[in-house]
Amino acid sequence: MAIGTALLSAARTPRGAPAAIVLVGVVFAAIFADRLAPYAYDMQSLMQANLPPSAAHLLGTDEFGRDLFSRILHGARISLGVAVTSIGASVALGLVFGAIAGYAGGWADRLLMAVVDLTWAFPEILIALVLIAILGPGLGSTAVAITVGYMAQFARLARAQIIALKGETYIEATVGLGAGHAHILLRHLVPNALTPVLVAGMLATGDAIVLEATLGYFGLGAQPPLPSWGAMMSAGVGQMFLAPWVIVFPGLAIAITVVAINLYGDALIDALQIRNRLREG
Amino acid sequence: MLGYFVRRLIMLLPVFLAMSAIVFLIVHLVPGDPIDHMLQIGASAERRQELAAKFGLDRPLVVQYALWLKAALTGDLGEAIILKQPVVDLILANLPYSLALGLSALLFSTVVGVSVGAAAAYFAGSWFDRVVMAGILMGSMLPSFWLGLLMILIFAVELGLFPVSGARSWDALVLPVLTVGIGGVALIARVTRAAFVEVAQQDFVTLLHAKGLTRRRIFFRHLVRHALMPVVTILGLKVGWILGGAVTVEYVFARPGLGSLLITSLGQRDYPVVQGCLLMLGMGVMLGTLVGDLAQAAMDPRVRDRMS
Amino acid sequence: MTDGLTTGVPTTGVPILRFEDVNRDFTTPGGWFARRRVLRAVNAVTLDVPAGRVTGVVGESGCGKSTLARLALGLIKPTDGRVSFEGEDLATARRARLRQLRARMQMVFQDPYSSIDPRMTIGDAVLEPFVVQGIRLTGAARAAKAEALLGMVGLDPSLARNHPHHLSGGQKQRVGIARALALEPRLVVLDEPTASLDVSIQAQIVALLEALKARLDLTYLFISHDLALVRYFCDRIVVMYLGAVVEILPSPAAPIRHPYTRALLDSAFVPDPTRRQTLARATGEIPSAFDLPPGCVYAPRCPLADETCRRIRPQLDRSAHPVACHHPLDRAGAGS
Amino acid sequence: QEVTFAITAREVGTPSYNPITATRLNSANSLIYDRLVLQDADQSFHPSLAASWDQTPDGMQWTFKLRPGVKFHDGEPFNAKVIEWWVPKFAGTENADTVAKVDRVEVVDDLTVRFHMKAPDPNLLFNLASSFMGIPSPKAYEALGDKYGVTAAVGTGPFKMEKFTVGQQTVLVRNDDFTWGSDLSVNRGPAKIKKITVREIPEDSTAFLELQTGGVDLLYTVPVDFMPRLKAEKSVKVMTIPGTEIVYMPINTQSAPFTDIKVRAAAAYAIDQKSIWQSLYGGVGNTANGFLISSLQEAKVDPKFAISYDPERSKKLLDEAGWKVGPDGIRAKDGARLQVKLWTSNGTEFKRLVEVVQSQLKAVGFAADITIFDASTINAQYKKKTEHQLAVRSYSWTNADIIDWFFAARRAGYPNVSLFDDPKAEELNVTAMTKSRTWDERVANFKAYHEYILSQYAFAPIYEPANVFAYSTRRLKLPETIRGTRLTSQTILDAQVSN
Amino acid sequence: MALLEVEGLTIGIGRFTPVQEIGFSLDRGAVLGLVGESGSGKSLTAMALMGLLPLIRGEVRAGSIVFDGVELANRPAELHRRLRGRRIALVTQNPMTSLDPIRTVGTQIDEVSRLHGGLDGRAAKARSLDLMEAMRIPRAAVVHGQYPHQLSGGMKQRIVIAMALAGDPDLLVADEPTTALDVTVQAQIVRLMVDLVKARGLALVLITHDMGVVAQACDRVVVLYAGRIAEAGPVESIFAAPHHPYTRALIGCIPVEGQARGTLIGIPGQVPGLTDYPAHCRFAPRCPAASARCRAEAPAPATIGASRVACFHPLGRGA
């Protein structure tokens, strides 16, 4: 099934529908955060710090008196933005590595996969912490760290797809027509390998949001006053007894978004019927 | 089988070399160096020099690597610059904590994950399946620093069942294990459920039904072994996660462990320790995959035959 | 092993494709898991495919039919020996030359279900040969060409916009044929083109192939495991067993000389309840291609096998009806 | 009879208990080692291992009478020979400055030593009272070499180090021979607590919850956020003692636009110390208006030099300097936006504070981009000298000579983060550091130096935290008043454990 | 009374009704051929006989399956399960995937006799070895301890049949048991099964798409087309004089010895998919003899000679 149709039909399943609604909402918030937010995300008002939710501040305020609702809307943009761009880069890199390794086979394959497996060997959080130590903190480094941390997964998946596809008759048929490597790889192999890798990427986006949050806890994610959900939560840890809403709402935003991504991704996997292809990696 | 094992071990050697080189490079790419931490503010350049010479940090990187690797091969990972102890001792001191936490979390995730996944698969499509799977997923998606504090708040503060933090008694292990384990439970439950659902669709299962076996018997006697195979693979791949993945939890619960050692030493640029930890983790992972493959072979005669 | 074509089988047509003492080995991947094991999929095959005729190849699963087909098209290279198309060695041809040659030899595959890229429309699939060969077609020419090709194989041209999963197996196989014929090849290798289709569709496809051959002056190398079908469709029949050619029937009606061919024929289910056969002529199953017995590879299953058969591997003789057997069934009759 | 103390984020991971070579020491250090003298909260000095002392009028000789009967944990006697061995040990270490002016140590008799000075040092007693001046057992020290302080630490203090695991905990057991407590304690020894486990807890919330549930009995530092909750807790007593720390914003005087003193001043006047003190720190501690902690005499500068929030003045200065307000509220000059870098190091307090500072700077027209570094990287970055502009940081020191640390030209980069290099300041520095003969003279000199630094806006003062600690009254009973500058062994000696 | 009587069997899966009103009967010692092209509902019928439709979310919507006097359709699943393996056994199409890959083939056979015969491990194994020898498996004792992937396809199919026989069933349902096998092996297996039926007095439902197999092995045959019966009757009369145009065409699709080239035509068009089953005669679109009536209503089966034929224009009527 084409991925476009699948996106729609996944959104019509009982599991997919609520998830799709949530995701559309989050993306909407991310895009229109500027218009939707009642306050500027960095507008402080120390006299109004740690206010509980009220009509003026729907979700309350944080320790600097900033409006949590506005920050969560903007946070959608940052958290999602970081997760999506870094996973996007990760998927792209993984595809390149995986496709080359899978298509070339032999020593090129072993070598590339040995490198990939090295990053696979370490927990993503450690990779991220080490990389950020090298690159210095900030959103850019976080994105790089996430990119590297997850790349192995996509490279392996892409490679498995390519290897499986190489055995398909239509590839042999196309070779039989006289096609060269570029044609085979770019016109047939990569496009057909793409779907599962993209879906795996989508699922990983959820994990990336959580990873960014955890890095934020170590002070390494988005730099203040940028409100990524993770940064908001980690700042809220100190406040959790005084003003629990400061940590609860961003936490909920993460949990709901990530669960929605997973549920929708699951529905999508079923719609595309690629569950066993996903496992090959 | 033995031959296979030996061959795999030999194959690990180049991987080990590549890994150690990368580890070494990465560590030395990090800006700042341990001397900064030893010097009082405003120390002289000579003093710097002297310290650098003392720890061999003034030599070319290649030489440093060669010396380190040579020693590492004899089991000597050098002496910590800041922590002033043999790195091996530091690792050995922290390893038991990592293992205790990692293995218990693994056990917990496996037992609970497999049970929950199996139950969900048995009742696949029912409300039970949906509620349980969604619940687990939700739990696993909370960042662990928050989940950890929540656990403390509920189980240690409100209910007073376990100590808040530390690693001084067995019961201090419970909350960290739960915190780390929930993510694993979700992962394993999903893998298990999917595996059950998938094997259940295979031809030979139709034939099991045709033999007149009850659904229960088919499920618990026959499908279980198949469903566990992907779980074993996952577990083999997760050794790194066991040894070093719990940094956040170690931090929140003020527990020792390889992850924390690594992060602290990274902060202090205590190169030998960072290198040692990374190497240790890498080797753990390599061994983990090997053990995973062997377990796979033990469970699956097809794999076994391919190995001989 | 014969000395090849010089003293080989006289054929009526000029050979368009030639196998000269071709071996092809496969090595199972070694590496992490397994010891390397070498399997000889095609064993010392010497064969001419005469132009304008239908040469049939029969044999059971794993006997090397598909490998032979791939070798014929240069999709894989022989381990030893030479495969030449119109006199040119495929193994040494340059890439660009190979591409040109490929326009003149095409293949139709066994499994129609996976022989079209699921992401392509049928129209794109039948036009892909032109893209690959660097032949540019304008929009109108494209549509016309696709229509012509689909029409040629008896498909509704409106299918061009569909994706393969909307088509039935028979329709897909027609698309496969259209694609193979797009560049107007001379040789078409048909690798069990009907094996995965229902009988009613199989018969349609065979009829289509017959018609196209007559119209386009094609040479067929027709591969099948169905002896009855091959006998119906082919001019010459090559019988393979475990990678080796054991008999070449010069015509479908020629008397059978090899015990294996006999067994194959006797195993066929004749659709006539009044002619029920003593089935089970052949006993045992095809041994593993990894460790071939030293003598005749068919000896373990052959009712006529004796010590000689188990020790010495028989060579294809040089008669008009070559057979590789120490005890051919017509020994008394035809001399060799 | 056993208690658990906890040290939190800032002190976590202190790698050793070697006072001679260490650059960081944690709070447990004072339980292991005794010093020659102790300083009380009122800045007065009290005998500890030194029973009495004397200085010649020219300040060139100091004679210390040592307390008799003192033994190290390893049984070695404490006497004049120890001091003779000890003082030279500092040479070449990072703490060398503390005794740099001591020329040599003369053993007068077994219990008397005389310091012969290179130059008078009015600050000597202060230095001797610092935590780096805990005296280790020479025998153990020499035997262990590099590993001293990690595998073992041997002092004369009321507690012996039983086991130390870096980053985790230190187990201390009572020194039953200890009878030489100072007059800052009621109990002269041995301690009433038998065993202390000092745990290191990096997460503040965890530490707080441990105290709340009785998992630990004493928290050495309490994050301000938790104070209201702890105060509400019946079984917890929160105590505040005057702080030793100043939080400030160094301004890189050599990085444009801060080369312009008006821009520096504008940045300094943009900081609203009061609202930070009130809302961020709940009114605990003090606002800071100078560079020194308020208990020092040198801190009492002429009010016209004190820097405190004045947004109008700030804006006016910027206008004068040519920085005009743009449409988004950020100022610009010649097309360049007033975009500056604002750094800090990782740590909950700094991370919070820096956000407020950023927002206050924005209010007057600075756009500040925050970067949060880990502690080791940030110093390396400062040392590059060209990368940084503004920062939020703090120091903890109870002597005016800290101005020299942070503003002397020869230490530009780090610790002179302001890259302050000014002839007049250098002159004042020399006077204050080397030309003062008496304490009063020194005070006057440093005050002048302090005032001059303030007048140049090389930094902006922000906040002076109080030392806040808390303990569980269920298990511990501490004296009502805390003697000394910090919570150290003299208070723990008097501590009682119930049940 | 026949061992198995199926009447008006209609199978539904969700919105679809892939099998409609199928009926046949079968005695002990007889082989019934169920023949039809892909998708004609052969496997679903087999699943219905085995009571395994729930596995694929299917159900018997109408009709009856009477086995040895007991009605099975739409009865508690447990009733059917008790018969499975013991009285009714199944042989499936693909021996490559029909066996559990991680258990030895021996234990898989043993399991049946332990479960249904109440034998202990040793007795079960002895019985399995007997059965394997009856299946002409060489070196049965060795094979007993081997895993499926170590055996050839033909060998595996023999194991599957041995497994089916282990419960001593009365009825064997074989769903295309030889399709995946080599021609030479195929012949052996079919022969083996027919011999077993005769020797043990079993009844066999042999599902196939190959009229050749039917001609060689079956006593009676049911020809299915798109989920319905086209024609049913004794093998001899069906081959000698097919009444349904489809049956005749199907027989004509197999080339026979000496058949002249160009005479093989096949059946034009294609089998309709489940979603576009016409309401009228389903074969009409491909039928050379189709009339307006054929395109308006569905013919009900009628008796012609020894056969039942669902066609408005049966061939050779009165012949």
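As written, the chains take the letters A, B, C, D and E, and residue 1 is the first residue of each chain.
By definition in this document, contacts are C-beta pairs under 8 Å (C-beta built on N, C-alpha and C of every residue); 3 or more make two chains touch, one makes a residue touch a chain.
Protein identities per chain, from UniProt: A = Peptide ABC transporter permease; B = Glutathione ABC transporter permease; C = Peptide ABC transporter ATP-binding protein; E = ABC transporter.
These numbers come from a predicted model, not from an experiment.
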item: Separation of subunit E (ABC transporter) from subunit B in steps, with touching chains one step apart; value: 1
item: Mutual neighbours - chains that touch subunit A and subunit E (ABC transporter) alike; value: B, C
item: Chain pair with the greatest number of C-beta contact pairs; value: C-E
item: Length of the line joining the C-alpha centres of subunit C and subunit E (ABC transporter), rounded to whole Å; value: 32
item: Centre-of-Cα separation between subunit B and subunit A, whole angstrom; value: 22
item: Inter-chain centre distance, subunit A versus subunit C - centres from mean C-alpha coordinates, in Å; value: 49
item: Approximate Å spacing (C-alpha centroids) for the pair subunit D, subunit E (ABC transporter); value: 90
item: Interface hub residues of subunit D, defined as touching at least two other chains; value: 203, 205, 374, 377
item: Touching two or more other chains - residues of subunit A; value: 133, 136, 237, 240
item: Partner subunit C, residues of subunit A touching it in the complex; value: 2, 110, 168-170, 172-180, 183, 188, 191-192
item: Complex contact set, residues of subunit C against subunit E (ABC transporter); value: 60-61, 168-171, 198-207, 210, 225-229, 231-233, 253, 263-264, 266-274, 276-277, 279-283, 285-286
item: Subunit D-touching residues of subunit B, taken from the complex the two chains share; value: 31-33, 36-43, 47, 82-85, 93, 145, 149, 152-153, 156-157, 160, 163-167, 251-254, 256, 260-261, 264, 267-269
item: Subunit B residues touching subunit E (ABC transporter) - in the complex, by the definition given at the top; value: 202-204, 206-214, 222, 225-226, 299-302, 305
item: In the complex with subunit D, residue positions of subunit A that touch it; value: 42-44, 46-47, 49, 63-65, 133, 136-138, 218-220, 223-225, 235, 237-242
